[in-house]
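What follows is chain A paired twice: with chain B in the first complex and chain C in the second.
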Partner chain A sequence: MRKTFLMQNPSVLWFISLLAVFTIAVTLMSEATGVSLISTSFIKTLGKTLCLCLVAIAMDVVWGYCGILSLGHFAFFGIGGYAIGMWLMYARTETIVAQSLASQPIPPTSQEISDAIGNQIFGVVGSSEFPMIWAFADNLFLQLLMVVLVPGLLALVFGWLAFRSRVTGVYLSILTQAMTLALALYLFQNDSGLRGNNGLSGLQNIPGFEDTSQATISIVFFMASALALGAGYVFFAWIVSGKMGSVVKGIRDNEARVRFLGYHVESYKLFIFTTTAVVAAISGALYYPQAGIINPGEIAPIASIYLAVWVAIGGRGRLYGAVIGAAFVSLLSSWFTGGGAPDINLGFYTIQWTDWWLVLLGLSFVAVTLFFPKGIGGLFDYLVRKQP
Partner chain B sequence: MSMLLEVNGVSVTFDGFRAINNLSINFAPAELRAIIGPNGAGKTTFMDIVTGKTKPDEGSVVWGEKNISLLGLSESQIARVGIGRKFQKPTVFEAQSVRQNLAMALKTPRGPLAVLMHKKTKKNAERIEAVAEQIGLYDSMTSTAGALSHGQKQWLEIGMLLAQQPRLMLVDEPAAGMTPDEREKTTNILKAAAKTTAVVVVEHDMDFVRRLDCKVTVLHEGAVLAEGSLDYVTSNQTVIDVYLGRAHA
Partner chain C sequence: MIRLLVLALALYLTAPPAGFAQSLQDVLQTHRDEVLKPGRRSVGIVLDDLVASGLPQALPFLEAWRDREIVQRDSDGLFFRARKQSLYDLDTGEVIGVFEKNNLTASRPNGGVRRAIANALVQFQMSDPDIVKRRAAVDAVARSMDASQLEPLAASIDAEADAALKARKSRLVSMLRALFEDTTNARVEAINTLAGDLSVDVRAVLNKVLASEAGVAAKLPDNENIARVLEVGEDITAENAYAWLVEAELAPPLVSNAQIRDALLTNINSGMVGTLPVAALNTEAARALAYDQLAAEGLAPPRVKEAERANAIAEHVFYLAYTEPDPAITDAAQKALTAIETKVALSQTVDLGLDALSLASIYFLAAIGLAITFGVMGVINMAHGEFIMMGAYTGFVVQQFVPDYTVSIVVALPLAFAITFAAGVLMERLVIRHLYQRPLETLLATFGISIALQQLAKNIFGTQARPLTSPEWLDGALAFNDVIAISYIRIAIFALALMFLALILFVLKRTRLGLEVRAVTQNPGMAASMGINPDRINMLTFGLGSGIAGIAGVAIGLYAKVTSEMGADYIVQSFMTVVVGGVGNVWGTLAGASMIGFLQKGIEWLYPSNTLAAQTYMILFIILFIQFRPKGIVALKGRAAAD
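Here is the complex of A and B:
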């Protein structure tokens, strides 16, 4: 069965092979192996990019295949990041507090330890109480469960309400964007229980691995991200191939017709929406330990719009298109905004790319939509057709 | 005599316009029926009501031996009890192959989990191929539906209807845009299907209706004007006045 699946989808085999070669090559050139051709900070950038590729695949499945233009999938990504960040921050603060209290003559009580941790984490927003949502933060296993359960349930309830009322098209996009905005605004508040606009920080320090160098940690996360991307790619390729893919694409192209064939369209949409939300959250949980910090700004609606832009530029309705779009545009974006691109002096005006990059991105988006609706991934069609 | 579908006293109003006005119409488990009527007579609205797209203001729509009311069911539930529909404008999934279109319509479990775990079987493949043969698209199984001609798309949609194995087929203008040969073939398929299934054909084309050689129901202003053989209804003075008279004027 597996063999036939891969044979029917040669692009999956290609993708997995390329990803494996890329991962091994980068690992060999990293500081962790002593070769040090690639800096640790760039390893982190590459690892983060792989996570962005994974969330882009999820976006492609929900939008490119199922036709739901969700402007909320980066919110699920952020929730995943927050969920893992809570454990990282709690466990690390616990270690620090335990060390500092250990030097005192009288051993601290568990209440004292808990208060001290609370003070450390929430002092910045003028509180020391642990809010309810931190109930599982001391337990890695439970908090990992939260990474999938919280966004999964949110997507399930939101999707059920929206799809049941047959909200579609641009109205659904607006609704998902409103959800994203509401979540971001809520997290910005100091009493949200997640440190307001400070967000969660110090996430690059993995509790229990204090003595391990960042070079090693970064390469472990890089490989984990590559593994997640590979697994996610195969998983979604399996979903969108075969009969499920047929029905889902049918829903994208003519929802009513699918309904008259006897399929309960809402269940299918809910399945796709929730599954992709969970995968988005998993990619977020891998991304933020590499980024080191998460704050509500990450969840702002613009991030979800970028996600849609990546997928559109890379090519909707093909999984590798989403990967190409996310990797290409996000790396290009860091190059332009990070001052990598040289300013252009026109004599009367100097184009500074840190300011003008967004304009360039916007124009490329419009150009791709108008002239290359298949995106960069569409080039592969062209190449395949050229072969005898 | 037990009826497959009983529509009783159904009315529906859109913005003050009475599209269906106290309509009552019944279909036997195996019969061929043509529904004719001028534009705005309520033919499409009638189909919308039966398939659950439109909810009537009053009246009842009762289905099958167990007398299930269709009014409380969703479109997909109605399709699953055994009502298939072919639209006036051919609506096939153009981005997908003929085989995929037929496979989607094929009578198999419709739940997301069943579909996700669906495995291609030889039996299903044979059923798909049999339908494809019947509609003359056996050689185009792998081509995308979007690449088919208008007539072939009509065929494909009829094929999807057959693959669904419904107990009632609602067929909206199946012969539109077809050559005389193709019409002949369509007639034969519909007649063959009507031996085991209720087939309801909405049609404008009188020649095509004559070829179907079946009971005819004339709709006018959302109600049944006359019912009987084509010769009977065409000789009815009211029918001539409202429909034929206007058409030949």
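Here is the complex of A and C:
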């Protein structure tokens, strides 16, 4: 008798239920419902964390299941953020410009409006022209399409080139890191058309919802992030559980053997690489409206490496491990660097966690790699095994 | 009373004795009238005598004279310098009284005389016995490039003792001749002597001769020295061409969108402009229509139609004309400039090559340690950049204790090697040894060490950049000509890179350790069964690679700032170098470093203002390069290639 998908993967059910309970609980306690047990800024932090969990799942699939240590998935995350940020910034500036031009005696021409928007957006980099890449910025639907298409195509082309020439292992990692670095450096330029170093800002103001309070907006985004995370979890759980999942895991364990069995390894890898890149971009598109600002620094190679760190600490090769790792490390990180952790007085020296947190993270990361290769998620194995 | 007498006597004795004829005052007294009322002809005699006297105080006198500060005391006819209500003695330069207008007559040289004085001044400075002052004078001439300085400068050449300064003077004379000589032949001759000189000021002089002005006319004028005729659409845009026409008042100015808007704004009548309601004026076509109505009523200047504009442009010739009317001179200058520019381009290529070479040697130093560990052990060491940083900070700390920069560098190099060697061995023993079967995880574990080390350095040394001062003998640059120059630090780094190349080749090919390292690289299992201890070899290799990173850190710190993040700047480039070059091969690393160094400089040359773009394109190129040679330039063959 064939087991159903959920029967085979009890963790999916567990995860979805927990996520639903968590989302409902947070929503009920938020400022939007009037209870105000959780502040709006913390709701945003939680919403952002959910997005990070989603990109961590994508990273887990590409690394933990397919064995490709991509150091470029945070770049896709950033591209998604930029794509949605372009629309947010354009539409909002358009509203502002239209308001200020409306008071003039002669109605503005479309050229005047476009010039004024260009001035507003690109004034900081000494330009007022709209670059080509902003061609679709005035249309939400097209720009949402860009969120998926741009990183998807980039991953497809890059992956095709890399897998075709059988670049594997650490070489591939370095290559993806180089791609990320090139992208970040490109975006740092003022004439890249994306405001260089300044990045895109004011993304927390959603055009068309100027009168809605941030408390409501934040909870909407929180729920959207939770929904995306749930959907992403189920989607990837489904992908890695079937026959395809077996092939993918086979590629991770021994690529040559899978190839000799007659599977077209490159296609599988390309599919996984591109799909996870698209999911990363979607989570980025949900993340940055909550963060409010995006700049090229976010895309720097180090961010992608942190992504790998989260997955490794949470436990590779299991989706809930990635979620645990991302949530645990990023929340802990903001607790430590935000001054939440108490300083430790050693008598001769006071350890201030804002300075020492990275040292602790680095060393604990070494410890996890050395002693707990299964990460935090490995603890669940003990739980499950105890049951008869 | 007696006191007064003594004072007077003392004053008399300290004053220069009257019998000694060579005081400035004496020279001036012999030409009393010429000094007081100088004429253009008479001033020459005074100046000649002053030059002949060779008195050092003649120089400030001439400056004062030029600036109209010389006065004569009516009572005894002596001359003084009057400045800020005080009188100064001309010989001693001391204050001897207050300026009283009543009993003093000022010498007021006119413009021509002052020019003559200025000339004499230059001549004075040019033949000053002090070479520093002569140099300063030549510098002043080179700055001002004035026609009046040609003669005194040319006159001073023969007497010039210093060979370098003499050469400089005669070059300057040639430049001045090229600009200001009277006859065409003399100027052409001077221009020809300048050909082959690469310096910027010679090029500036030639460009000055070749200065051209934009012109526009119905027909190409015969009386001007035409540089070239400009094609509209190719050499200049139609917009610019029309702007020239407007400027030459050969065509009516265009009416801009802003002007249309202003005209419409001033002519709004109860919500209407002409026959159009204001609300309808939200397209450019509608605005143009309304404006044309205004123009028809004479309320605004008419718009220039597209056809009129094209006609106006078609009916005129646009050209560049030299300001220099003589074609013989401009031709000679053009020829000389072309010759110079060819040479400059050649020199720049050589200079670029040298720059690229030094960049390549830096990359080589940074990457060779990585190449050894990666090639021999298949281990990616993400903390390699932090070892570079540790080396640089070692250099900085040593300089805090050893004040002599030369000694401190000599101490820092081996110390940096020792410290990073120890750190590398420690890391290998504690972490990497346990991860040999899991290369991807080594990457992550070493990355953890990297962020910990980086933050540790930040906590200890702070976030600001620390200087690592190079010894004095490394300051400055080796200049081959005006274009080709390379700083001594870069030469030193190049030499260091060569030394390390030789050293590593020696260690790998000629020592027992090298033999064992190569054996372990090729087949660890087989090497172990031959009695080699792979553990020991791995440890030593890792230490060696890390130690070289430390030395590279000292070298890099000498010309770049030492910060906790400096390692991160080099790590990606180092990886690129290793990957492009091919793993496990010193020559491969050398090839990779050269390729990346030359490539980066080449792209920077193509995009001079944008180093970020250069790096972006370089990385893209490398990504593509890996497509075609996945195993690098120098790929291992046979069994060793299987990983």
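As a working rule, the second predicted complex is superposed on the first by the 385 of 388 C-alpha atoms of A that agree within 3 Å, B and C clash if a C-alpha of one lies under 4 Å from a C-alpha of the other, contacts with A are read in each partner's own complex, and residues count from 1 in each chain.
Here is the rule we use: a contact is a pair of C-beta atoms (placed from the backbone, for glycine too) under 8 Å apart; a residue touches a chain by one contact, two chains touch by 3 or more.
Source: prediction; values computed, not measured.
Once chain A is used to superpose the two complexes, chain B occupies space next to chain C without a clash. When the two structures are aligned on the shared chain, A:V309 is found in touch with chain C, with no touch to chain B.
Touch criterion met: A:M244 reaches chain B, while chain C stays clear of it. Judged by the touch definition given at the top, the superposed model places A:N254 against chain B, while chain C stays out of reach. Within the superposed three-chain model, A:Q111 lies in touch with chain C and out of touch with chain B [touch as defined at top]. When the two complexes are overlaid on their common chain A, residue A:V62 makes contact with neither chain B nor chain C.
More residues of chain A are touched by C (comparison of chain B with chain C).
Judged by the touch definition given at the top, the superposed model places A:G262 against chain B, while chain C stays out of reach.
On the chain A superposition, the C-alpha centres give an angle at chain A of 100° between chain B and chain C, rounded to a multiple of 10.
Of all C-alpha pairs linking chain B and chain C after the chain A fit, the shortest spans 6 Å. Overlap of the chain B and chain C interfaces on chain A comprises no residues. Across the complex, chain A is touched by residues 51, 53, 74-77, 79-80, 84-85, 87, 91, 93-96, 100, 103-105, 110-112, 115-116, 118, 160, 164 of chain B.
Partner chain C is touched in their complex by these residues of chain A: 67, 69, 105-111, 158, 161-162, 164-167, 169-171, 173-175, 177-179, 181-182, 185-186, 188-189, 191, 301-302, 305, 308-309, 312, 355-359, 361-366, 369-370, 373. Considering their complex, residues 257, 261, 264-265, 268, 278-279, 281-284, 287, 380, 431, 434-435, 438-441, 443-445, 447-456, 458-459, 568, 572, 575-576, 579, 610, 612-613, 615-616, 619-620, 622-624, 626-628, 630, 643 of chain C touch chain A. Those residues of chain A that touch chain B in the shared complex are 239, 242-244, 246-247, 249-250, 253-254, 256-265, 267-268, 271.
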